[in-house]
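Both complexes below contain subunit A, partnered by subunit B and then by subunit C.
And then the complex of A and B:
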């Protein structure tokens, strides 16, 4: 009934059950969590190497939550607060505690393109990192190549009831080039205010030759780039 | 924990659904999918990169191996994952103030959902059902969703302008350059890193400062020995 696709963007939702086991006295779920936290200390996320990834998150779902606060339903309020209601009835009306029997590795990605090529690309880019995290999950022992990985992930996949794209579904390379152009052209417009037309045109032509707007292999932001390019910084500092 | 990747925040909310109402919720999402005009309110929240709702039936949790215990749940669950710009409070409050009706339509089937108004019980509910992210990655941590949209428009207009007026006579060039700037006045703007772009960037900076400090200490020690 739902759809993981909106335009050319894809919402992949994975729940991989983590083994209820201990290795060297440490629960597999804790090992998975530690490994993911360690990714935070790397120069950049391994996901930066996976083609077409817009955004990705991973976390360990230990359990679900029991709801005990009053909600907005009339019966909730009555059963919780009417002193006339006997305690047994009031307690029976409370939501039942619910618990998972396994912990799950939740992996949620927004990317451009189709599922299978994306997962193959992911395996090719970061297979060692995938293996080190997912080896603690049930059913991953049988995964040894990209095709196994695709099949495994499909077994863990959940379908989105609703996927909302608030920005756009262009290929990542297009988005990064566009962001680079926005940054550079904003600066160019600022610095070239008030120039005589001939000078403006000359500088504009030099600017276009440098930024190459239609060339995706030319200058652009890189995936996961969290600092500005030195060139831009130098220009900004000079402008101050 | 890493809910932040530059200008994006990752929120994960998991709420229980009575199994017989999970279908009602699915139908509401299906209607929203088929008739996008119902998502107009959501579109006004331009701070969202991507968001999704996933409904898992109580017997639909992935079961991959005979050794894995089978789940025996009383409720189905709705997962909500969103990538947005700004702070947690700004995001939750903007939902409440912009689309309270739409929000309630999506969540009202969840057990003990307090509705989006009043604000404090709604905050408490979301916070109670939120799970922290262990690792979060954004391909463009320097950019907001609005930056991504503005950049797409700017790129298209710049290429179009360049195709037509790159070598135009000066007067024509100036006239259309001014038009270009006028058309892009809402889309221009510098993007700078946030104070903490990501845990990774923070760690890299910390290591760099530590290494510089150590190098300075070594230099001082070497000079003192001389």
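And then the complex of A and C:
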């Protein structure tokens, strides 16, 4: 289990085999891909609603890539020096390229905490979206609640060792608060540059009261936030 | 027959503007003239007619049969559409890089040409090029530089005769903005500015321009010019950059030939050029400098120097003249120095003793355009301290050596009313590199309009950044981490420079020009 965990961060890689079938003339793999593409048209990914998610990536894996004609090992090397080996024998000794047995839905995420609570949280947050995508995968028909989902996902799990470098292993809420504070503090530093000490103190106290550094339920970035607020929008927000 | 002077570069085959900044060689007047090629055969005949006066990079005035220094120079460059209309073979055209084929307008999102810099506000010639009417596409740039206005005018008239002789095969494109609302001038002018009645090397904000040009293998005077212009090595020495960073058909810093079309003869000794007309908002600049200087603890001249990394009056680098006192000492030494020493004082420096940016800020123009070895750095122990991370890269400047750019250009217009941003004045900048995507576009996107590589979050370069009121720009002027002073923050930086047009060009070698003119480009 250890290799999926780095501190309190967890790297989960799921490969769910997609049914080799079609519905109403469209292949299941194509439907899955189409549904995932639709997520790109939304204001934000459904995964932004899943608690403690650092980063999520979903895609359809059609097959493995063949990079080149594989070498045949020792015989091939020997035959280079012994042109007497007939071409037919040489070719027959070459391995054939590998293929996957089915297409897969690849689901790769980094999150804070432990696997089972995370997957339960995911089910609670976005069960309809999960069902609409995963229903095209083998074995998912039997999934009807959070515990089924946890069991199903664990069956599809691969060992993962690579982690998202843009994040540490703190809870998501703390990271979002920290990013918010960093941005607000630099704004505060800019706006209060050169003020006399007494005024600076007063402004700083106001600043702390406004940003509530230790209160995770107070102002912070929201999960999935990917753009800075426009100056005019930020002003409006501050006025509200 | 005269024996060629020994030189590593084929100077007779390379167009002169690649090797020489004409402005600094006594040609203070420039005219950029653009053409549309309507018909291939007559277009090539036009090229043949003007080829005789195209200026190569050959050295002037030495040896037994010296090449005379001309009174006016002429150089040629082509857009992708221009090469297509000159009927280069499809297989050759397909070998040109994608960004060159797309052109500058289509790359606006990468370049940050938004808001007042967006193509809809460009000069009419650039608005209409690559738009609906193919007859208005810019195909050819003929740039003329003159030692005098008379010489420039004479060469221009000669050019117009060649156009007339093309019998409609080549059409001059007008649509350059000028003073007093002029919208349809027949060419873009450029000229060195006057200071106290003397020609100078300054631009409209008052900075001395065009000091730092890269030095690459094959250029002359290595021992005098390589320090500060080549690439910084681990042991403190400097080496010339690979020729292939600036000329096609030569090995580059990755020990490869840069991507280029076939045949080899078409691309070898040629390069790519980015032509940009940049308007300078002088009132915004003066106002911003005035406003910030009220709170800044040093002199106004020092603050002005902090924007670019050099003092405005003579280009003294902040790394060696970081404050008013050291600047006075630097000036005294500069006044006594020989020309070679002067050049060295301006160029030969590193950021090794300024890793935290206390002297030359991370967001200053010079540090962003050419960070030298300063990107091999990491956070130090004290707040605000950055330290050299020795050995992190293959060579200290490895990230930078692949992003260097030759800059050519001239100021244009006059800033008649400094209380207004309006009017027609700025710089025509021409940036030369072997790979527009890897060099110019990368620098523009990542180093000018973004600050992450400098650990400066999304702070933009102070002068050229596409500052936007909706996302107010700031820049940090760091303080010495060992000192008592606080860093200074520049706030609400206005858009100081706006794009007014331009495109991506290919500058062929003299050989390639002859091949194109004869219709003999053969990719097979």
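The rule is simple: the second predicted complex is superposed on the first by the 189 of 240 C-alpha atoms of A that agree within 3 Å, B and C clash if a C-alpha of one lies under 4 Å from a C-alpha of the other, contacts with A are read in each partner's own complex, and residues count from 1 in each chain.
The definition used in the following text is that contacts are C-beta pairs under 8 Å (C-beta built on N, C-alpha and C of every residue); 3 or more make two chains touch, one makes a residue touch a chain.
Keep in mind it's a predicted model, so treat the numbers as computed, not measured.
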{"item": "Touched partner set for A:127, first subunit B, second subunit C, both or neither", "value": "neither"}
{"item": "First, second, both or neither for A:214, with subunit B first and subunit C second", "value": "first"}
{"item": "First, second, both or neither for A:189, with subunit B first and subunit C second", "value": "both"}
{"item": "Subunit B versus subunit C, judged by how many residues of subunit A each one touches", "value": "B"}
{"item": "Touching partner for A:27 - first (subunit B), second (subunit C), both, neither", "value": "neither"}
{"item": "First, second, both or neither for A:228, with subunit B first and subunit C second", "value": "both"}
{"item": "First (subunit B), second (subunit C), both or neither touched by A:151", "value": "neither"}
{"item": "First (subunit B), second (subunit C), both or neither touched by A:161", "value": "first"}
{"item": "Partner chain(s) touched by A:115 [first = subunit B, second = subunit C, both, neither]", "value": "neither"}
{"item": "Doubly contacted subunit A residues - partners subunit C and subunit B", "value": "186, 189, 228"}
{"item": "Subunit B residues touching subunit A - in the complex, by the definition given at the top", "value": "1-2, 5-6, 8, 10, 12, 14-16, 25-27, 29-30, 32-33, 39, 42-43, 45-56, 60-65, 67-75, 77-79, 81, 83, 108, 111-115, 121, 124-125, 128-129, 131-143, 145, 147-152, 154-155, 158-159, 162, 166, 170-171, 173-174, 177, 181, 187-193, 197-201, 203-204"}
{"item": "Complex contacts: residues of subunit A adjacent to subunit C", "value": "186, 189-191, 193-194, 228, 230-232"}
{"item": "Subunit A-touching residues of subunit C, taken from the complex the two chains share", "value": "295, 457-458, 469-472, 474, 488-489, 491"}
{"item": "Residue numbers on subunit A that touch subunit B, as the complex places them", "value": "1-3, 9, 11, 13, 15-17, 19-20, 33, 36-37, 39-45, 47-48, 53-61, 64-65, 67-73, 76, 95-96, 98, 100-102, 104, 106, 108, 110, 137-139, 152, 155-156, 158-168, 170, 172, 174-179, 181-183, 185-187, 189, 197-198, 200-201, 204-205, 208, 213-214, 221, 223-228, 236"}
